[in-house]
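Have a look at the structure below before the remarks.
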Amino acid sequence: MLKYVLKRLLLLIPVVLGITFIIFVVLNLAQGDPAVMILGQDATAEALAAKRAELGLDKPLVLQYIQYILGVLHGDFGTSWLGGYEVLPEFLHRIPYTILLGSLSMFAACIIGIPLGIIAAIRQYHFIDYASLALALVLFSLPSFWFAMMGQILFCLVLNWLPSSGVGSLAHFVLPSITLGANILASQLRMTRTSMLDVVKQDYIRTARAKGADERRVVVHHVLRNGMLPVVTQIGISFASCMGGSVITETVFSIPGIGSLLINAVKGRDVPVVMGTLIFIAVFVGVINLIVDIIYALIDPRVKLTA
Amino acid sequence: MRKKKKSPVKTVSGRSVWGMVWFRFRKNKLAMAGLFLLLFMMAAILAAPLYVPYDQVVKQNIVEKFTAPCAQHWFGTDQFGRDLFARIVYGGRISLFMGLGVVAISFVVGCALGGAAGYFGGRVDSVIMRFVDMFMAIPAMLLSMAVVAALGTGVDKLLVALSISQIPRFTRVVRSSIMTLRSQEFVEAAKCCGTSSARIIMKHILPNGMGPVIVSATLTLGQVILSIASLGFLGIGVSSPTPEWGTILSENKIHIRYHPYLGLIPGVCIALAVMAVNFIGDGLRDALDPRTKN
Amino acid sequence: MDKTLQTAGSREALLEIRGLHAEYDTDDAVVHALNGFDLTLQRGEKLGLVGETGAGKTTMALSILRLLPPRVGKITQGSITYDGIDILSASPKEMLALRGARISMIFQDPMTSLNPVTTVGDQVLEVLKLHFPEMSREERDARVDEIMKMVGIPPSRKGEYPHQFSGGMKQRIVIAMALVSEPELLLADEPTTALDVTIQAQILELMKQLKEKLNSAMVLITHDLGVVAEFCDTVAIVYAGEVIEQGSVEDVYARKDNHPYTTGLFNCIPDLYTTADRLEPIPGFMADPTDLPQGCSFAPRCPHCTQRCLQEKPSMYLRGNHGVKCHRFSGKEVK
Amino acid sequence: MAVPLIETRHLKKYFKTPAGLLHAVDDVSFKIQPGETLGVVGESGCGKSTLGRTVLRLLEATEGEVLYKGENILRYSKRDMKKVHLNMQMIFQDPFTSLNPRLSISSIIAEPIKVCGTLKDKGDIQKKVHELMEVCGLPERYVNTYPHELDGGRRQRVGLARALAVDPEFIVCDEPVSALDVSVQAQILNLLMDLQDSKGLSYLFITHDLCVVRHISTNIMVMYMGKVVEYAPKDELFQHQAHPYTKALLSAIPTTDLSRRGRERRALTGEVANPIDPAPGCRFAPRCPYAAERCKQPQELKQVAPGHYAACAMCQP
């Protein structure tokens, strides 16, 4: 088990290095001189040259990358070109908000989506099945920023039930979590339903019925455990899309998390911040996938974690 | 529950597999509704110059600003008095057709990469899949944002950024679909008479493996339409004054509270387009794989 | 075995199926799986139900348990009486009490008929939990150990999962599950078809031993006339959802006065002990269950087909206990 | 003796698996004369399908030779192989996966002709297709149907027509009837035998069904875990089985002959294992009722009667 975890973490390293290297190269190939960006149009040629040297921009790209990664390994993620702040402390300050937002929305999505999916599958062709499917479809098709904006206007500005933006209390997170979770809820619901219906068709469910198990027992003891397997994988995938979605939600609700940091960095082409954020997210997603695989192996006896 | 294959009907219909798919698809009311809705939207957008001149999109008319929907301005006007209907119809060009473009590019590239990985296996497979893994390490949305950061904004750059983020997924779907077919007996039968790899791929493997890929392409189209709108909304997609559904929402966001139609209409347009696409995707999946139906 | 094949109405019959019609509603057409299926089974009788793919054998077994796929499959006509209980109008609760306790079923494919995420011991135990709530835990465990030993699986392996067993072993577990409640009727749907010959022999041998120990009646569904000869007392041949011949194994296998379809079946099996130069296949193809002929369903393939066969459905003509649904035997009945 | 049509010498096919080297086909030698049928019998996992595919080079052999009319085709280039394939074809077990579902029956049958370029003219190809369909007992009205519209027996006929399209001399039949119902099975077997008579075909007939193999074969080869355990002309084999495995196989078959109901059966215990890194001795020994110490020595095929070979320590030449 420990060996497996270690191996998976080791395998994560080349993946993260590879993608960050590609992005590093592409970002640096883009037009525009970072020194000009930092010092402004009026800076003297000497000042610009000094700045370039300071940033290591006069060295070959590969060397710059290696230097950057060595820095990262020492906990030095560099300094923002735009804001001049150190990336790592800024990060540590912002991460809790993003994680809180992500976990709350995942939690909400699972706790509503999965049971609804189960009920929809059990009551196939029933009103509740159609209603859940319709709900999933609407949530799946709505742009989340629009959903967030409309929710904000309705509940925060018109009805004044919830604070409209910023952080401070848990109430601030209610609406953001709902809007971020909506899409995930939809995919959890559909996945659960499909998977359950798939399991119901299996031979061993017929065996269970032939044993004289009643409907409740068939569902609880036989369908659920098998039907949850693909859902677990789906949760892992959802975490990744949750990280993507948080950019939008954090922007709409002015939450000072990683997402809003990234969007500003992208707009200003702030390489150190973009790089740092992507490294963090790649590692985070990798670890989540590892956890999902471990959970999967725990509930499915057929899967063995072999290093 | 499994029902053994019945001996076939006596009629010698000669209906091909795609014929069967279309036959089943046609019976699915939601999917047909989605198809008609999508075709209608596309036709309306393509034919826009016939009934709305383009200058309506940019012509500002402060006197008429914030006109609620009426006979003259079907969807009302925005803060500069521009006609919202014209902006939406022309904006659809980007939202819908760029979405199609992204899907087409990633479809073609994904088929080539996934096809090579799946059919040849071995080293080709591991090299391609290592790259795919790398690109899959970052959520699609963030990946396209990073590419936008590097390339800058604009229609062409957005097209590249979104395609890059979708290619890995297509590659995976195509690869797994091909790998299951590679060892099928009809492929072996083709090898038996010395059929070349190219002919085996083109004639025997690709036509059979396309089902899941097409379904995934349809569902991806929905997601891409959403992504275009999201990037537009975040201000790193297509920039104003070029209309695009996400950008329209973004530029009007502070006025929505008092002029709700400014938010409702573009939002509903996006949702309808995505919903239509999803209906089609679901319908195709059921039609291609009758087992999923009950 | 003379008493085993009485005509309709015999009171002590364990299972009586009369004129059963069942159909599947598929996208393209209605599949008539059972078309006037009649069967009588006595207590303790071992009946072989023989027929080809699509003859309706499995549909029959699932109908007895009322486990036809919901919405798709339904029984349209006829009756099933099990030990005085009218199965088709029994309440769901009554059915639950029958399934697994008094009627057990063994399915064809051992690879897919066990729940992959539950240990095999628990799957056997489940039957006891469902039907013998009064048993103590120790009693149940002892019973599971006993039945597993009986089917040749070391009880020490009961904590393992299905994927850790081979095909033959899985089928043993399925058999253990079916027999642990000592049912009065066992429906075995092609229990050995998915297995290799030597494993099939092992399973048949096991079932033979068990049939001595447990006095349950059994319907062995198979397409293999050989398996029936080895194992059963009586046999029913099924074609297009009907029993077209029934009788003791001795009568039917005497290969005299058979239904033309039965004769055809015998003729097209290559025999191990005699060399024939050519097989004599049955001409034509299986009757199309979506479009059955008006008269005898075998008529289009029958060498003895007459005008009458094309128009009128034959009834079961009995010669003693040997019944054949063929006009050739009309007027030649023997009581 | 004439040069055999097909001959293998010490053919081996090993697969790499995570658990070790799987000896799927281990040192198999046989000869097939023109117009003869070699039946290969064994249970699942004995390597019989791998053998058929290795002979046709659908799988590349690990070691050994496959001779076609005396020439080792394993050394042939791709282009030479194409010519060989005009003479060697295959029909498959599963009539539901062996036909490309997107092609109509006529295009399936025409495909090998087009690939090999034996006929160029469209009309000629169509004529040939109709001819083949007639030979295989497929009514002409099926020409534009698709595989999913046919049942198993008819599909198997299409597979046979496709194999015959290039006028081969030799066909590997991989369990061609085991997925079919008995009545249809007999039709296909008769068809195969008729074609053999009229076209002088040779078959490598792979099956698990001893009754079928007896019916169609000239010689029979019994395989167990990748090894040939017994090889004999068919009547010889059915009268005097030498190897305990063959005996067990025979006695395991249920028969419709009621007089044999009470016969003594040698039910084997245990099940077939995977031949992954097998020990050098007899692979059947763990299940063999007669296993002894000497069975741990490698067992060679020994002639026990004229033309009859067995690989068992008990059999004295």
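Letters A, B, C and D mark the chains as written, and numbering starts fresh at 1 in each.
Everything that follows uses one rule, which is that contacts are C-beta pairs under 8 Å (C-beta built on N, C-alpha and C of every residue); 3 or more make two chains touch, one makes a residue touch a chain.
Everything quoted here is computed from the prediction, not taken from an experiment.
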| item | value |
| --- | --- |
| Co-neighbours of chain D and chain A - touch as defined | B, C |
| Contact-graph separation of chain A and chain B, given in steps at minimum | 1 |
| Mean-CA-position distance for chain C and chain B (Å) | 51 |
| Whole-Å gap between the CA centroids of chain B and chain D | 48 |
| Rounded Å distance, chain A centre to chain C centre (Cα mean) | 54 |
| Centre-to-centre distance between chain D and chain C (centres being mean Cα positions), rounded to whole Å | 33 |
| Multi-chain contact residues (two or more partners), chain C | 53, 67, 71, 285-286 |
| Set of chain A residues in contact with two or more other chains | 203, 206 |
| Of all residues in chain D, the ones touching two or more other chains | 151 |
| Residues of chain D touching chain B in the complex | 53, 56, 58, 78, 81-82, 85-86, 88-90, 92-94, 96-104, 111-112, 115-116, 141-142, 144-146, 148-151, 159, 162-163, 165-166 |
| Complex contact set, residues of chain A against chain B | 14-16, 18-19, 22-23, 26-27, 29-31, 124, 137-138, 140-146, 149-150, 153, 157-158, 194, 197-198, 201, 203, 206, 240-241, 243-245, 247-248, 251, 262-263, 265-267, 269, 274, 278, 281-282, 285-286 |
| Parts of chain D lying in touch with chain C, wherever the complex brings them together | 43-44, 151-154, 181-187, 189-190, 193, 208, 210-212, 214-215, 235, 238, 248-258, 260-261, 265, 267-269, 271-272 |
| Residues on chain B engaged by chain A in the complex (per definition of touch) | 1-2, 130-131, 133-135, 137-142, 145-152, 222, 226, 229-230, 233-236, 246, 249, 253, 256-257, 260, 263-264, 266-267, 270-272, 274-275, 278, 291-292, 294 |
| Residue ranges of chain A touching chain C (in the complex, touch as defined) | 125, 202-204, 206-214, 217, 221-222, 225-226, 299-302 |
